[in-house]
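One structure follows; several queries about it will come next.
Think of it as A, B, C, D, E and F in the order they're written, each chain with its own count starting at 1.
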Amino acid sequence: MSRREMKIHRNYLMHPEGSVMIETGNTKVICNATVQDSVPNFLRDSDEGWVTAEYAMLPRATNTRNRRESAAGKVSGRTAEIQRLIARSLRAVVDRRKMPGMSVVVDCDVIQADGGTRTASICGACVALHDAFNKMIEKGMIEENPMKEFVAAISVGIVNGKPVVDLCYEEDSQADVDFNIVMTESGKFVELQGTAEKNLFSRDELNQMIDAASGSIAEIIEYQKSVVL
Amino acid sequence: MSRREMKIHRNYLMHPEGSVMIETGNTKVICNATVQDSVPNFLRDSDEGWVTAEYAMLPRATNTRNRRESAAGKVSGRTAEIQRLIARSLRAVVDRRKMPGMSVVVDCDVIQADGGTRTASICGACVALHDAFNKMIEKGMIEENPMKEFVAAISVGIVNGKPVVDLCYEEDSQADVDFNIVMTESGKFVELQGTAEKNLFSRDELNQMIDAASGSIAEIIEYQKSVVL
Amino acid sequence: MSRREMKIHRNYLMHPEGSVMIETGNTKVICNATVQDSVPNFLRDSDEGWVTAEYAMLPRATNTRNRRESAAGKVSGRTAEIQRLIARSLRAVVDRRKMPGMSVVVDCDVIQADGGTRTASICGACVALHDAFNKMIEKGMIEENPMKEFVAAISVGIVNGKPVVDLCYEEDSQADVDFNIVMTESGKFVELQGTAEKNLFSRDELNQMIDAASGSIAEIIEYQKSVVL
Amino acid sequence: MSRREMKIHRNYLMHPEGSVMIETGNTKVICNATVQDSVPNFLRDSDEGWVTAEYAMLPRATNTRNRRESAAGKVSGRTAEIQRLIARSLRAVVDRRKMPGMSVVVDCDVIQADGGTRTASICGACVALHDAFNKMIEKGMIEENPMKEFVAAISVGIVNGKPVVDLCYEEDSQADVDFNIVMTESGKFVELQGTAEKNLFSRDELNQMIDAASGSIAEIIEYQKSVVL
Amino acid sequence: MSRREMKIHRNYLMHPEGSVMIETGNTKVICNATVQDSVPNFLRDSDEGWVTAEYAMLPRATNTRNRRESAAGKVSGRTAEIQRLIARSLRAVVDRRKMPGMSVVVDCDVIQADGGTRTASICGACVALHDAFNKMIEKGMIEENPMKEFVAAISVGIVNGKPVVDLCYEEDSQADVDFNIVMTESGKFVELQGTAEKNLFSRDELNQMIDAASGSIAEIIEYQKSVVL
Amino acid sequence: MSRREMKIHRNYLMHPEGSVMIETGNTKVICNATVQDSVPNFLRDSDEGWVTAEYAMLPRATNTRNRRESAAGKVSGRTAEIQRLIARSLRAVVDRRKMPGMSVVVDCDVIQADGGTRTASICGACVALHDAFNKMIEKGMIEENPMKEFVAAISVGIVNGKPVVDLCYEEDSQADVDFNIVMTESGKFVELQGTAEKNLFSRDELNQMIDAASGSIAEIIEYQKSVVL
């Protein structure tokens, strides 16, 4: 089974320095990059900037309504896990010494969910971040775009014994394994997160999944670059 | 100065029973209505259903980024005030005895803010709720649409001594008075909320503002109805 | 039906710079004004002071016991809404440039509730604030009383088709409309908050309610001034 | 130095089943007892009722303003400690088998603080609880007053080497030792809480403090009984 | 560089149904398994039991003191991520249909941290869970041990271009890549979590890391089994 | 009945400046002292240091599992009360002017509970604090050990009419009175906390309990000193 069509709409909203709506199948995520003229305390005396991310879903992005995390009074474990993943993926391709004293936070808000919201968030956030960096150059805040190369992510699973990429919600529920892979333009790995609570997977299956994912990520990065040019 | 153009997109997202994207000028709000097969405890032994609302903004809906309320661990006073206003406005036009044992919650999520987010939320939520009621009829949950008439809202202020409706963010900052008026199709008032922290207003100015608002609300309701038919 | 008797006791408690116990019918509110030698961050570089308010009820101020908000771990939407209303009403009559670098917070604690707690809070808070300003003059913190004129509030509703002011709890439950009006000594409006979740109201009824409220507020302000002199 | 004058005003507020304002010197506490027709889960299958207490201070009960615990989002350690003490003191004199399936919660709200707020709370709460039990008898909820005997409390300290009872705030700050003693009508101890962070105390000083406290508590209980009759 | 010595002490504490202290180098974790006679709501109508985990560190398990999460009022993102990982790893080797209506929660409390606390937690939790299952058999709660096979975990990184397993804190700080691998007795993968925020890794390096980890995990599982017999 | 055997293991963990595992019967507490190069705000302009304490239990320290306070989002009243008691007991024997600008926080984490966890915490914390002070001398942070004398604590109760010290959990449940006494090497009292919710106690019983406790505390302090030498 092949990857769902991806669409990236740049300059989606008027206020953010970088703003992207990314669609992959029925999954839709708004990725807004905000430039801030400060760094967290732990970097105060360094020559590095910072890149971070937050992730959330509209209550009715899914088939049944989820309680707002603001009403619950705390961020769920799942949300915390995903926003840490997005942030690390972005930082992996940024030379933070090229943005000293500055931060970018990328908000990924899922408007509609049909599987793959965290990987779509990474793909969209990369473009929003790239645009925000360009805005910083325009404003004379930095001289060079600190993004060293593009980064993208895809989910891959084993369905009926075969590797399938970019699982929609229904496939995801049927998959024996749920893997999220984040790679860069240069074909290196940033993150591998595979979990097989229901069905364990073998070394051979692992290799098949990585093969399938690598190809898809290469295609996505090609698309990201075509959109940005 | 005249009212900004309003656009209502129905069936905006795939999951909710009613889903509307409403735009008024640069303000954009997604209004999603979720049907629930239960009522809050205080209605458990009654023959009435319930309608409520929640309101939030994306962190970067505004010119500078706001901290997520989930990260802050609580809903702000402003948010609480607005979601109570939306909920009361909707309930004012619903005959809740026609939906016994059932609830609808309407989530109003501001994607982009340029003034008037609470009034846009009410206008969009009304249509989303109407659609959700129709979905309930289709599914055989209720027999008749419990919405007695349409409801809409508009902001009105005094700018340079003259009443101005539907203030955008910049006008709102310059206005001496900030008034939100909620009215129904039959020309009755549901809510009047006027605050003049900076400049007090006279009875005469009050009357002028109400006149201006009444006309605009009549136009909006005509538009809502044209969209739904 | 006429307004309930109002009694204002000044210098009610020993510690606060302004301390008032206000009674209107069976409703009793303690209003304590605290002077602080600092301003919130957003005013740090301005020449203006700040006035704010907090509101709470004793758990058994009402007929059944309410859970403490400290135990619940958060302030309810209703409380947030009321304390914002009180604060805006007070700021509307204060020239904050006459108290640069200083703040006053007025705590309104409802000891006994029988309707009209928010309007009684505003009436009492105005006097407590006035007294606190005089204390600031005595201490040489400011030169002139920053209060430009007095402010008062009253609730008004439609009961059996007629406007009734200063509703007690029982009348309030029967009223079709619930309106809170805040006006100044000079007859200008500060706040109008009307909600008619159960029964909508017409322009004519609105006018009748405002007429009734205006008269009552004039009387209250006369009483406030007699008390302060 | 002798004990400050104590005044107990019964039926202070209109709603609670028992309502007392207690003054001792400048310390003023409102003690409201609420009867509830249920017991906590851990007593659900027992034949015993429950008695508990909550304690709070108005923000400006003290010389400088304290942040509201509702705004802070949690109850402080000091508050938790005090309300547990009050509750245990009350339960010590109640035969809870005489109120099966029922609870009383006594809210002690300090209006003005000048030392001894926790001991005043216990003395006032005892009377409010006694009144609430009588109200329960009137309503036919119970047959007999479950209060076995009266309970009272006093603080005692060592000031300049001598035991002093009922310390006001200023004395308390100078005292080397801070002791709170809770005793019953029959001269038995319910609670002893002494802390000497600054100056340790000897067995001899302990005995002197207990002697002084015992006498004062006997006087207070005589007064409580005179008030109730 | 080779794996640090692992020591597992069974029956470490007296109360839990399974209680293990696991040491690997200087890292020490207490793993306590608690049997509960109930399941979470989402399993109420199923024939399956539940296994979950919680993770925490003593404030001074590390070189500098961390604030308690109870004082902070919430569980950090890191903690949430780790306890979800432990729980999934355990569930992957349990046939939950053999424990219908019952739950086991395994608490992993890090007493001393020197790298690899999450992988040590998984290794220790597996043994504690196994012991708890045996206790359930003894008590007649279940008939058969629901653990299908053992599970263990190890961290692996690239240090100076070479794969190194079981990194202590100092090595971990120097590693270019941080990988945690969870595998079963049968050589299948349960979880792979690799992150390379600082230095990306190639497919070849990935393979080397997996090779190194697989060998170590086989040794650990052999040790776990020797301890349990 | 006599006191249970106490064992103190020094240098229990590698990171803290003072680290003690204390056992008394089956009760086991880890006491870790952390030195910090700062003081709380209220001491910023003084010449005094600070000593404080925190207390917690592992979820399964007890016979049934307790919910983690981090998951509950707040510290319970019991925990708050205990950690304040430990902190005051330690400060009572420290000359804080000998550690200006510095703080020590002692974390008492109960690993296994069988009665007397708060008194064991005080006994262990005293030794951990003493060791931390010596570490501060070694590092040249202070010149002299600020601990003026040792402090220890014991629980004492009335069981079957006789005073019994160091109650285990089962005895504690049967005791009529529950008393915790904290005393110093010089035989002075620091804290007395007695509560008799179920059975009141007389002056004579009080004296018997204090006699029994005094003897035990003298023995414990002798043991603490032998361990430290």
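Things to note:
Throughout what follows, a contact is a pair of C-beta atoms (placed from the backbone, for glycine too) under 8 Å apart; a residue touches a chain by one contact, two chains touch by 3 or more.
Since we're looking at a predicted model, the values are computed, not measured.
Common neighbours of chain B and chain E under the contact definition above: A.
A straight line joining the Cα centres of chain A and chain D is 58 Å long. Averaged C-alpha coordinates put the centre of chain C at 50 Å from the centre of chain F.
Here the CA centre of chain E is 33 Å from the CA centre of chain F. For chain F, residues that reach two or more other chains under the stated contact definition are 73-75. Contact topology of the protein chains: cyclic, one closed ring where each chain has exactly two touching partners. Taking chain C first and chain D second, the full cyclic order of the chains is C, D, F, E, A, B. Looking at the complex, you find that chain C touches chain B at residues 74-78, 80-81, 83-84, 88, 91-92, 179, 184, 186-198, 200-203, 206, 210, 214. For chain D in complex with chain C, the residues that touch the partner chain are 13-16, 19, 26, 30, 32, 34, 36, 54, 56, 58-63, 65, 68-75, 79, 105, 107, 109, 111-112, 114.
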